[in-house]
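Presented sequentially are two complexes of subunit A, the first with subunit B as partner and the second with subunit C.
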Partner chain A sequence: MSSMLGKRAVSSFISLMVLIVLVFFLSRLTGDPAALYLPVDASEAMRDNFREIHGLNDPVLVQFTHYITDLVCFDFGDSLRKARPALEVVLDSFTWTLQLALITMALVSAAAIALGSLAAFHVGSWLDRLASGLSLIGASAPDFWIAIVGIVLFSVTLGWLPTSGTGTVWHWVLPIAVLFIRPFGLILQVVRGSMITALGSAYVKTARAKGVRNRPVIFVHTLRNAMLPVITVIGDQAAALLNGAVVVETIFGFPGVGKLMIDSILQRDFNVILAAIMVTALAIFLMNLLIDIAYALLDPRIRT
Partner chain B sequence: MKHTTALAGLLLASTTLSPAMAQENTDVTVVLAEEVDLVEPCMATRSNIGRIVLQNISETLTELDVRGDKGLMPRLAESWEMTGEGTWRFHLREGVTFSDGTAFDAEDVKHSFERAGSDQITCEISRYYEGIEITPTVVDAQTIDFATEPAQPILPLLMSLLTIVPSETPIEFTRDPIGTGPFILSEWNPGQDIKLTRRDDYWGEAPEVSGATYLFRSDAAVRAAMVQTGEADIAPSISATDATDPALDFAYPNSETTYLRIDQNVAPLGDKRVREALNLALDREAFIGTILAEGTQIATAITPPTTLGWNPDVKAWPYDPEKARDLLAEAAADGVPVDTTISLIGRTGNFPGATEVFEAIQAMLSDVGFNVELQMVEVAEHEQYYSKPYVEDRPILVGAQHDNSRGDPVFSMYFKYHSDGRQAGFSDPKVDELIEAATAATGDERSALWSELFAYLHDEVVADVLLFHMVGHARVSERVDFTPTIATNSSLQLSEIGFK
Partner chain C sequence: MTEHLLEVRDLSVRFHTARGMVNAVNGISWHLDRGETLAILGESGSGKSVSASAIMNLIDCPPGEITSGQILFEGRDLLTLDAETRRDINGRRIAMIFQDPLSHLNPVYPVGWQIAEAGMAHGLPRAKARARTLQLLTRVGIPDPEAAMAKYPHQFSGGQRQRLMIAMALVLKPDILIADEPTTALDVTVQAEVLSLLEELQEETGMGLLLITHDLGVVAEAADRAVVMEGGRVVETGTPRDLYHGASHPYTRKLLAAAPGKGEMRQPDEAPAPILQVRGLEKSYGPFRALRGVDFDLRAGETLAVVGESGSGKSTVARLLLRLEEATGGSALWKGEDLLQKSPRQMAPLRRQLQMVFQDPTQSLAPHMSVFQIISEAWAIHPGILPKARWRARVAELLEQVGLRPEHAERHPHQFSGGQRQRIAIARALALEPELIICDEAVSALDVSIQAQVIDLLGKLRDELGLAFIFIAHDLPVVRDFADRVLVMQKGEIVEQGSVAQIFDAPQALYTQRLLAAGLDADPDVQADRRAARLALAK
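Up next is the complex of A and B:
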């Protein structure tokens, strides 16, 4: 198992390095932060001064060397826009994103696995049809639309929930509900499909023939075997959330990392872009590691 | 049945509770479109920062009256006069203290000026003082002289932009702004909110508002909904499509002017007939009340009608596609390559409906025979076309917005039209002369020179395709008494807010 994890770690590290180099050149070659930060009528002297203060006048290769050495020391510098350490800016918003992602994924996984298993066990029943219907709606409705409709319905018309922002537990309801829908539909379908396959397999037939009852058949024999593809999908969906739920963050004014990244890319706030990428990449790397461990725990064949 | 009663009860409770609670408090909540990531006094000319800082936390020596017609009013300076060639003397108000308890005096003004212009930080305010040699001299605690070279007739107006900080303020961006204004920054949760609280020891009249919370939501529909549900009191900027409630919504000129900048260096745009045809081809009236909000004005100048020297005699271009076709044919006969593909550059999200506006313009131009290709780009790419050095491999029209609510054309003219201006699309010696003369002039002479320039640019040079003076929409809750004006785009004085 450790050799498998080691291999994974090495390949993740290599992709991270490629990413770091790409980020530097793509962001620097596509726009001048001085032009974006300063007002349009700022003079060339002001722009030059701005570049000088932030080390943007150096040759690109010199900047690249600084970039790499700073990175090794885990020093991301200050945000151009916010005049405070970039890493601090990113960690602030990442904490929000992490909470949002964890709560949403926990709820989604529990609900989708429970409902998906039941649907698979009663293929063609009303429950099965309901589950399929829900997942279809979830996978096809655009989330910005659901978010706006949710605000109009639950905040403006009914007055039950706050429209947006943070502060109380009620502020979390709408963003989580909107984020819940799409992965729920997707994971539900995977659980259902995978369970149906597992239920039709020889070992389940054998267990049934031995007189094992329904509940142990689902939870002991089938679920564990059916979980491998499900975990893959859960991992994918969680990674998407860790990158920031841009639409939901934008609409609900949620101070997460997705909107921060978009804003800093538009403003070419290099240090924040870099810090945000490193933090989210690290988080996704750790999450993939957890998934690998979960695989290994579920399926002994993978451990070797 | 039981459920419906319970729900109705809940609804009733929630609707009856909130107004009762609202009556008692004198705090307001303002919801802004863009997160304010810096509360630095010397950046207050940036509109989102200005709305929080300007005259709330930090004050200026003078203040431009944009609501009435009082012109330039005293604020931290009680009076000012020109004492000699290019030297202005300001007499400062006595008994003013900063929120940290220190007294306000001439040294603070000197330090604020020098700090804003320092090359160790990039203060936006300093751009208004560029190209002028300004030397502040402290005469006594309540008097300061500013010697200007060349003589600066509008220095008192420029002083309406310089926010005053205590002389101890370090020359780096502060996260704890100290000012003489009626409010202090009491809480700041980055990404979430900023809170201001009223001071007890303010020198002037105490505002009715006791505290303000600023929230940030990028979605206009959400901002409008927040005022509707009582989560916010003022949303200074919502979109026209959300401004559906006449009881809450106000339209106000937002001081932005939309126009197409023409780079005359590339054929066929160097030909005046072609530029006239561009102007004649557009049915500007057709945009108003359809894609753009009712109340939008057709522009004849780059600055709004409230600007000094704005010329009422300049007439907007009529919609005359026939004449446009004739002019193009005439130019073509003289060998001007009128069928060259012209790139129209627009910026996505520049203003609500920007894409639709530029698509309509493209269609109207094509209709008279222009060959126009529309390119909608993001802000960083837009900047590459907007400012010098220009992309000159093909003829380009740059769609853009310009904001000047400062009352004087000087803030626009040099960089939009002077040969050395960063965004000038042409070079004309008479324009340069007029700009230089007007910049140095005072009083009626100044106004007359600007008027002459406005007419010359519009009728003789046909410098650009001027489109619209834009309208913004604000939503204000029923419990507060506040009317947005052209100033709402750059500041939001809490002392101007009352309660009904």
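Up next is the complex of A and C:
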């Protein structure tokens, strides 16, 4: 198991390096920050001065070398826009996103596993059809549309929930509800399918031939096997949320890392972009590691 | 009327399928007494397993439905009992083991717990269940039982897994053990061991043993009485000896006639020169040496059987020759050219001469392609064999040659039975007009009667087209009927090679003798001799 983790760490490190190189150079292609941050009538001397201060006058390769050496000391540079360390800015936003992702995924997993299992026990029943219908709608409905309809319905027409921002518990309801829908639909389908497979499996037949009662057949023999593919999908979906729910965060003015990235790109705040990418990439790496560990705990065949 | 331990009366089961209602079991009756072994003999689709599932209440309703009959266990009709009472009988009074122990054991729990659960499900305290598990693991011959308790199913061999299943079934000393094809996936020597174990345990406990099988040899070896089933009906009942010598029903006679290992052995003529010379063939997977210096010759038109148990390396030989895997050493001269040294480009034209037929035609034929596409694809890959205009006519010819009809060309593999699919696979191999066909367990998955037909077909093609065969098999009677020469392999090495007569009539190597003694014969008298030979060898 430790060798598996080691291999994972090495391959993740390599992808992270490639990512840094790509993002560093690609973001330099978006244009000159001096043109954006200084007034239109700023003199060429002022612009030069601005570039000099932020090290933008050096050749790109020199800038890159500086960036890498700083990175080794966990110095991501300062944010152009906020004049604060970029890492600090990113971690602020990331905390918001992390909370949003964790709460959403916990709710999604619980709901999808419960409803998906029920559907699998009663294949073809009204409940099963309802679950399949919900999951199809959930997996295919565009989230920006649901977000806007949600705002119109619950915030504007009914006035029950705030339209955007943060502050109270109520501010979380709409973003979570919108983010909930798609992963719920996907995971529900996987749970249902994998439960049906496990219930029809040979080892369940053996358990019944042993005279094991219904409840342990389901909760001991079936569930653990059925969870294996489900965990993979939960991990994928959680990773997508950690990456920042760009559309939802933007619509609801939620100060998460997705919104931060979009803002930083638009404002050529290179250091923040890079820091945000590094932080989310690291989070996704840890997330995948957790999934691998959970998988190995559930399935002894992976351990050896 | 005396009461039987278990009596099935007029049982009918039907299934709702996509193609409508199917009567899987049609009014069957039989009985089993204490200490008796009753075999239910039949081919796939005969309904032999369905009746066992009905006894264990394992038929899913829907799609299954018991439409009539009684299953009397000690005089009580199981079909009228409530669910809880039946659950309590399962595992405690009647236990069952299955064909494929790997999929029938839960992959994510330690086997010790899974065996103990059979007791705990019926109220046996954990500590007692554990002690009983340990005792049983020792009894069924699992090495280091204490450590084995904490291991998982995938860490055992196939034979050990079946022993685990047997231990699991015996936790509460049931009155009846139902064994559904318990040795089908096992090597012959392991099969013999498992059957002896079942027999010993039966003597110790006096349980009734219901043995469901397709194998006449298993019946001859283990059964007191046998019920022959065909198409959901019982066609004949009797002792193995009576059935073997005086079967009255045509189906039983057909089954007995199809049993391999009875025909004349072929006498190879030494004349032709070798077309394939394999020298020092090696294959290692990391530190594991799967093949250790294999040498053999194959002459033109000769059928060379490669026999051995799982892990002997017999399939590896085939994969290396066809370059489906790369050898780690040695040479294979095909008409003077070393197959193992060819680049993929040089290998391409040679592939035409060397074709393969695999074990499972369900997996080796592409499901989305029609039979025409499957067969004609070879001509698209090897241009110059046949102009496109002639493809259709040639596919029709090939299908007729393998005993199918020309109009089958437009169908897809799933529309055929297992035996027909294997015929398609053979037609596909023949399309390239090869000189050598390698059959890797090509008839192992087929029912006895179908197996006999496919072997007949291969024999006919061999005579008509002068084909050479490398025939990889674990089933010795089939080899005896079909091959000219035999290689016996064990743990990656050839332990013996010779003509069929030499190997079967005068085996030299101890391993070959053991293999032959472990094989089961449909004739109960021959089988009794074999058993004596096996016991002698074991000492």
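Brief remarks on what is shown
Keep this in mind: the second predicted complex is superposed on the first by the 298 of 304 C-alpha atoms of A that agree within 3 Å, B and C clash if a C-alpha of one lies under 4 Å from a C-alpha of the other, contacts with A are read in each partner's own complex, and residues count from 1 in each chain.
Here, contacts are C-beta pairs under 8 Å (C-beta built on N, C-alpha and C of every residue); 3 or more make two chains touch, one makes a residue touch a chain.
Every value quoted in this text rests on a predicted model; they were computed, and no experiment measured them.
In the three-chain model built by superposing on subunit A, subunit B and subunit C fit together without any clash. In the overlay built on the shared chain, the residue A:Arg213 is in contact with subunit C alone; subunit B does not reach it.
With both structures placed on the common chain, the touch criterion links A:Ser201 to subunit C but leaves subunit B unconnected. Within the superposed three-chain model, A:Met46 lies in touch with subunit B and out of touch with subunit C [touch as defined at top]. Of the two partner chains placed by superposition, only subunit C is touched by A:His221; subunit B is not.
By the touch criterion stated above, A:Val60 is placed in contact with neither subunit B nor subunit C.
With both complexes superposed, B is the one of subunit B and subunit C in contact with more subunit A residues. Of the two partner chains placed by the overlay, neither subunit B nor subunit C lies in contact with A:Leu102.
The superposition-derived angle at subunit A (between subunit B and subunit C) is 150°, Cα centres, a multiple of 10.
Within the superposed three-chain model, A:Thr166 lies in touch with subunit B and out of touch with subunit C [touch as defined at top]. Taking all C-alpha atoms of subunit B against all those of subunit C in the superposed arrangement, the shortest distance found is 41 Å. If you check the complex, the residues on subunit A that touch subunit B are 30-32, 35-46, 49-50, 53, 79, 81-84, 89, 92-93, 96, 148, 151-152, 155-156, 158-160, 162-166, 250-253, 255, 259-260, 263, 266, 268. Residues 10-11, 14-15, 35, 37-38, 40, 45-46, 119-122, 124, 126-127, 130-131, 172-173, 175, 190-192, 215-219, 221-222, 225-226, 228-229, 231, 378-381, 383-384, 386-387, 411, 415, 422-423 of subunit B are the ones touching subunit A in the complex. The part of subunit C that touches subunit A in the complex is made up of residues 56-58, 87-92, 95-96, 98, 100, 103-110, 117-118, 121-122, 152, 154-155, 165, 168. Interface residues of subunit A, counted against subunit C in their complex, comprise 201-203, 205-213, 216, 220-221, 224-225, 298-301, 304.
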